[in-house]
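Just below sit the structures, each encoded as structure tokens.
Shared between the two complexes below is chain A, which pairs with chain B and chain C, respectively.
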Partner chain A sequence: MIVNSFITELALNTGLSNLNYLYPLFLLGIVAFVILAIGIRIENPRLFASITAGALAIVFFWLYFLPGNPNLVMSGTTIYNRYGTYFAMIMILASLLVVFPAARRLSKKADIFYAILLFVNIGIIIASFSYNILVMFVSFEAVSIGTYIMAAFGKEKRHLEASLKYFFTSTIATAFTAFGASFFYISTGTFDLTAGLKVSSFQSMDIALLFLAVGFGFKMAIFPMHQWAIDTYDGAENSIAAYLSTGSKILAFVVILKIFLVGFSGDFEVVFYLFTILAIASMTYGNIAALSQDNLKRILAYSSVAQVGYLILVLAQVSYVGNTSSHAVTLAVATGMYYSVVYIFMKGGAFLTMNIVKKDKVEISDVTGLFRKSPAVAVSFSILLLALAGIPVTGGFFAKYNLFLALITGQLWWLAVIAILNSAISVFYYFRVILYMFKDPVGETDFNLSTSVRIPVIATAFITVGLGVAFQMVYLLMSVAPGLFG
Partner chain B sequence: MQIEFVNVLSLILFSIGLYGVMTSNIGIKMLISIEILLNSAILSLIGAGILFNTSSPLVFALFVIAIGVIESVIGMSLMAAIYRKYGKISISLIKEIKW
Partner chain C sequence: MFIWAWLIFIFPLIGFVLSWSIGRYRKMLGGVIASFMVGLSLLASYETFLYVNSLGHPLYQSYQWFYNIKIGVYVDHITLIMVLMVSLVSTIIHLFTMYYMKGDPGRHVFFAETSLFTAGMLGLVVSSNLVVFFLFWELVGLCSYLLIGFWFFKPNATAAAKKAFIVTRVGDLLFLIGMAVIYNALVGYPGLGGNSPLSIPFLINNASSIASYMGATNLGIAAVLLLGGAAGKSSQFPLHVWIPDAMEGPTPVSALIHAATMVTAGVYLVARTYNIFFYSAPFAMYSVAIIGAFTALFAGTLGIVVNDLKRILAYSTISQLGYMMAAIGLAPVIGAAGISFGMFHLVIHAMFKALLFLTAGAILISLMDLRDVRQMGGLWRKMPVTITLFLIGSIALAAIPPTSGFYSKDTIISASWLYFSHYGSFQAFLPWLFLSLGALLTVLYTFRMFFLVAVGKPRSHLAEHAKEAPIIALIPLFILAFFSLFGGYLFQVPFYNYLATGVTLPSIPAYIEDIPLIYVAIGFLVALYLYGTSRWKSIDLSRNFFYNLLKWKYYMDVLYTRIIAERIILPVSAAFSTVENSYNSGVDRTGSGALSFGTLLRRMQDGVVENYFIVLIIGISIVFLLVELFKVVI
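== the complex of A and B ==
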């Protein structure tokens, strides 16, 4: 009787057909529990990696073939459109990128690692479709909590320290987010972002904006809130650093886009000033700090702070133009989408390249003479670094080109000039790494060049160039981009 | 009841928690300070629920409580791992990663 009424209510609230959208999540959860169950008897990282990759690939195509639904589903908290599907799919790609490289260093408890990776993906899918702060908060925390545990994997003290720094800064950020959500409710009377369009001019709205910006800024590692990221990417296992700097960072970008461009659409002036200052500071600091580094993983970490600065220029541009149906805004959002997928491959590939060095702490001189040992890996890594710097033919160039084009279309040419100057600075430190690779080795250098290390590097380099060749994708994405605004 | 009082109280609690987590060197103390931070957010959410006479902020508060519990569990297990590696739970010992 009770069950019956529950099902009726569920059907009324969601429309039973909408349960279709939950089945991919059920699949991921069931596979995760199956991995945990067979992990009691079997310790075979390769097997678990294959199961995980299979499940993620199935969900990737399942999401693609699910029909979109323009209406709010799941009690009015979620919009299933092509925009959300795109981001969910590229973040699943980011997980797929690290599944096999991570297996190399996991001798024990590999089942727990892969189960957590699948649970994290459930959170990612929900967060990328959701338009309600409550649902976003819970699913984002599911991702954060999973990644704290993933960052601690490994035997060294460094891994523990990486996880500890990530844990403490991120929990403080959680408290900031919850507090900001409370003030959002006080000023609008709802947690719904699409309903928050009727924003009042309460001062509590500005407090909410500040607290939410600090909370999600920590998670995305924007300039004043970035220091944990540098230490965590340096200390964590290479493939886990690759995941943290791509998957969970792009998720933070998706959530920031939705909260500040949809939820605070009545407060665009403050959003513009806040994110312009953050973007300029983040770009400049990331690039200048990377110049004086000798630790290669820290260079990549600082460059990811700079890349975040470029990404949040999208927010500055959209909030400056204001009219959400104009061409400039659509171009900016589509560029953000294209930049995200290019960023996942170039940054993930660059971090996975660190596996060639047989040490946990990778100095820039450790890659000396790589070209002599393995030209293919050296050229691939160079392509990834050139893409990060924004050199033509790679995807990184077209991402930056379209970003600057969007800024100029929106009359923000001065911001475009600052961004171009910054990407000129960044060329120096990327080229420094490339020069080291092409030097002759001084003594005996020892690289780990097994197939499982080489394949991800070469594959990501190919994909980065391929995305550059397929730069027309931005114009395809422009038909999807208005989905951001519901 | 006026909402301002609840908000001011929760902001004061938030500042206390932030001060505690920034100045302390002992892991357990930092975890307790993080609990204070999360509890100030819960208090503010309950104030919002009373102001609008609705239940969704209260639901949010329940979720914050649940997430706080999970975070303290992970924090405690990290402390246990630190104790096993270093023999003490002092954050200032942990300085492997440097410039």
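== the complex of A and C ==
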């Protein structure tokens, strides 16, 4: 009783109305500290993994059951609506996906890893709801710093190298973001994205736009800010690479959507040119560079650069159409939402599949004969790769199909044609991997086919197909999508 | 939601999965499971029958599938008759097959495939949308292909499977084009009102307004295209060439697919979309009548010279399918009674033809798959029960009164005389001429077959040592024999009135009505004179022009393979492949170019972080300059 009234009073005094929206965050933070406290005595990665998964699952459902009508929290810097809830939930799914696979390779200090994963999720939830550049910047940094540490986990030097490269480049990105944010403030006089100020005449707004694009584009690994990602995904532990390429990448996508489609709504012309060029460059670069790769993890890394190119086509389409309440825009945003969830499972699953190879440097020839050893894993991995290539029945197909449909609805025929040509190119390297899997092995091949490795692969493949079967989800998301614009 | 209507085709689908997966380990269980599941769908059909009868109007349930295509069931009286017939015949044949296939190492696959076929056939019958209909239509085509080629080690069987697949594919293409024509014409139709343009209930309930919207001629063209699909499946002239070859498959397959069920899908398609034919230009209905009638005669002429037991039955199937088709085509004069006549003959034919095929299967088992009727003979004494059942099937096929074949077939012939007397023109005379002459031929080839098989002395070593099939395997056949004998007498009039209201039997002058009967008598006596004794051995027709024409099947196989396939399609496809090859090498060069470009891009990724910043700064500057440039220029 006393505590309750105290909190209410605190809320009134600090502008924290609607505090119940923050309880899930408190829960995550408390559990993180509890894990740290237990970790002093006990070193049992599976225990921490279970606690973390439990907390994340609770928060997942808690977020779902929070009132969905738009609510301003923390003096209006954060808007809780269904749109933000959707993204927060799918990013929690991305964390849940790696919680158990990561436990395999963490012998020491697992408590720190899981506590950091929970702290990262706090940042993710705030960032996915916030509409204020400053809040976004801070929560985004919380996520970044957490992921630097996560990337360094592992037994070998190459993990450290991966983490360092990530750290160095990301600090530069942070500087760009800070610069961009201040230019935004100079031009508009506010950090609030929903202020809706049309100040396109200011030249400094263009600079703000460019700098913010560089800063957040780094995290999303858009060409030409992608080079850290190739080395980091290749160097980091498989499950952490899976997390970096799904969770933190989708977060960057969420933030970019908000900043450029809400904050720069007066500058759609520049946003359109910028993201069209970036999308075409990313798709083409990612696909072509992956063609001649022999390192399997690098192929997946390049393919994730290409996938980002498809994702940011949403921005190109919305800024081209302009009218944010039109059907074409709603379809495009809903497709972006659907693409994100499919992407999390297909890409996360593909990276987790790398665990079957007992080496750190995974060559494409290392999967030769997988079909003979374990048909289920080989077929599941094939499904994930087919989804990435966009072959029907999988969720990847319907994600791409709706994306191209949205582009055509928005009269961007030529952009759709470029994207389709790019998908055609990408089929080559995905099928190359599949071909190797179904070949007969030359010598003795040795795969790690323990249950903890097999289950995530098969489960993600199932979910990817399930999302394809449930492709009508896009039409449901169309009622949520307008939430992007506040 | 009425779940039984969906279970009709879901049960055999489950049976497919179960009998495949369990049958791998327990071979015998495969057949039991498949038969049980098909039996359950007979139960589901019966439940649906009771429910729809109590409902008083057709049952229609559908769900949005994608865009404007709905997936659903539409069950009216024609559908009920079909599902009952298909599931009953399929159950009986499954039971018999457990005996027939008992030693085969791959029998679980066989039962899985027949189960899948039954699911496809029942799904086709109940589906409410032409798109779904077409999907099931292709599924049964696939199963037909798989089952004809089930004994894949026989080169004849694989060739026959291929032929069946390719020939029916011609029909499928026509069907698909017909659907496309209808869809394209109706997609902007104001009276659509939330329906799918290819929804069957929508098409048949609004056919007259659709005809005035599309124009009767356009609708007629679409209808004739649908008829093309039906002709492919029901093997009507000129797409009839595949069924005789399909006899290379196991005999239960011939009974199930190529006699009783799948081949009637074409007739069912025409019966179901009957209103489209009815309201479109007259040529659509007339083509149904004339193709059916001509096929009835044409296939009969071929049937009298074939020596392979199963192929004789195959030609008779084609001929009888022609009768059904022709009955529906008579609708401009007799109205919806045409459907009643056609569907009744369909059901009766399914019964006696399944009986004939299954007894033929029992004969072939004891004769070690010797199929030449000239080497049989005297089997009546060796296997009395089987041959008696075979006789019952034969007299029903020959339409000897009072078997059910007489009731179902002579009504059609009489109705075709009404058709002539209504129009009085030469074209209107043709159906009656063809159909009644067909009756003569039917009797001829039926009794030629029967006498050669059953009477006289055994003419080969195998025939001397033929043995009766175990009586337990023949039990299911008694049900079929019962319907073949008494089905017509018991059910004719109630059946007609169940499908269409106020159907009266065609009343025509008695001397016309007796002509088919006279034909039957003549045919029987001729067959008895020639084949009831051994006189046929002394006839040498090998230099007779007509005999050779028939023996070569009017040279139609030669036309299709030698002329059309080898002279026309192969050169054209060779020309295409030349173009394609140059295109392919172009693609190859582009690919290798992209690969070397990819290697170049990879060099940028050298692992040195400082260089990454250089790439970043140069890259983003170029991007920014481009953006500013576009802003100014565009």
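Criterion: the second predicted complex is superposed on the first by the 463 of 486 C-alpha atoms of A that agree within 3 Å, B and C clash if a C-alpha of one lies under 4 Å from a C-alpha of the other, contacts with A are read in each partner's own complex, and residues count from 1 in each chain.
As a working rule, a contact is a pair of C-beta atoms (placed from the backbone, for glycine too) under 8 Å apart; a residue touches a chain by one contact, two chains touch by 3 or more.
Being a predicted model, the structure only gives us computed values, none of them experimental.
Asks: For A:L210, select first, second, both or neither according to whether it touches chain B, chain C, the two together, or no partner.
Replies: It touches chain C, and chain B stays clear.
Asks: Touch check for A:Y185: first (chain B), second (chain C), both, or neither?
Replies: A:Y185 contacts chain B only, not chain C.
Asks: Please work out whether A:F428 is in contact with chain B alone, chain C alone, both, or neither, and reply first, second, both or neither.
Replies: In the superposition, A:F428 touches chain C alone.
Asks: Looking at A:L278 after the superposition, I want to know if it touches chain B, chain C, both of them or none. Which is it: first, second, both, neither?
Replies: second
Asks: On chain A, which partner touches more residues: chain B or chain C?
Replies: B
Asks: One more residue to check, A:S163. First (chain B), second (chain C), both or neither?
Replies: Only chain B is touched by A:S163; chain C is not.
Asks: Using the touch definition from the top, say if A:F223 reaches chain B (first), chain C (second), both or neither.
Replies: So A:F223 only meets chain C here.
Asks: Once the shared chain is lined up, is A:D231 touching chain B (first), chain C (second), both, or neither of them?
Replies: A:D231 sits against chain B and chain C alike.
Asks: Quick one: classify A:E141 as touching chain B (first), chain C (second), both or neither.
Replies: first
Asks: In the overlaid three-chain picture, which partner chain does A:I172 touch, first (chain B) or second (chain C), both, or neither?
Replies: So A:I172 meets both chain B and chain C here.
Asks: For chain A, which residues lie in the overlap of the chain B contacts and the chain C contacts?
Replies: 165, 168, 172, 231
Asks: Using the touch definition from the top, list the residues of chain A that touch chain B in their complex.
Replies: Of all residues in chain A, those touching chain B are 134, 137-138, 141, 145, 148-149, 152, 156-158, 160-165, 167-168, 171-172, 174-175, 178-179, 181-183, 185-186, 189-191, 231, 234-235, 295, 298.
Asks: Could you please specify the touching residues of chain B with respect to chain A in the complex?
Replies: Counting only chain B, the residues touching chain A are 3, 7, 10, 14, 17-18, 21, 30, 34, 37-38, 40-42, 44-45, 47-48, 51-52, 54, 56-57, 59-60, 63-64, 67, 70-71, 74-75, 78, 81-82, 85-86, 91, 94-97, 99.
Asks: For the complex, give me every residue of chain A touching chain C.
Replies: Residues of chain A touching chain C: 165, 168-169, 172, 206, 210, 214, 223-225, 227-228, 230-231, 269-270, 273-274, 277-278, 281, 285, 288-293, 425, 428.
Asks: Give every residue of chain C touching chain A within the complex, in rising order.
Replies: For chain C paired with chain A, touching residues are 591, 594-599, 601-602, 604-605, 607, 609, 612-613, 615-616, 618-620, 623-624, 626-628, 630-631.
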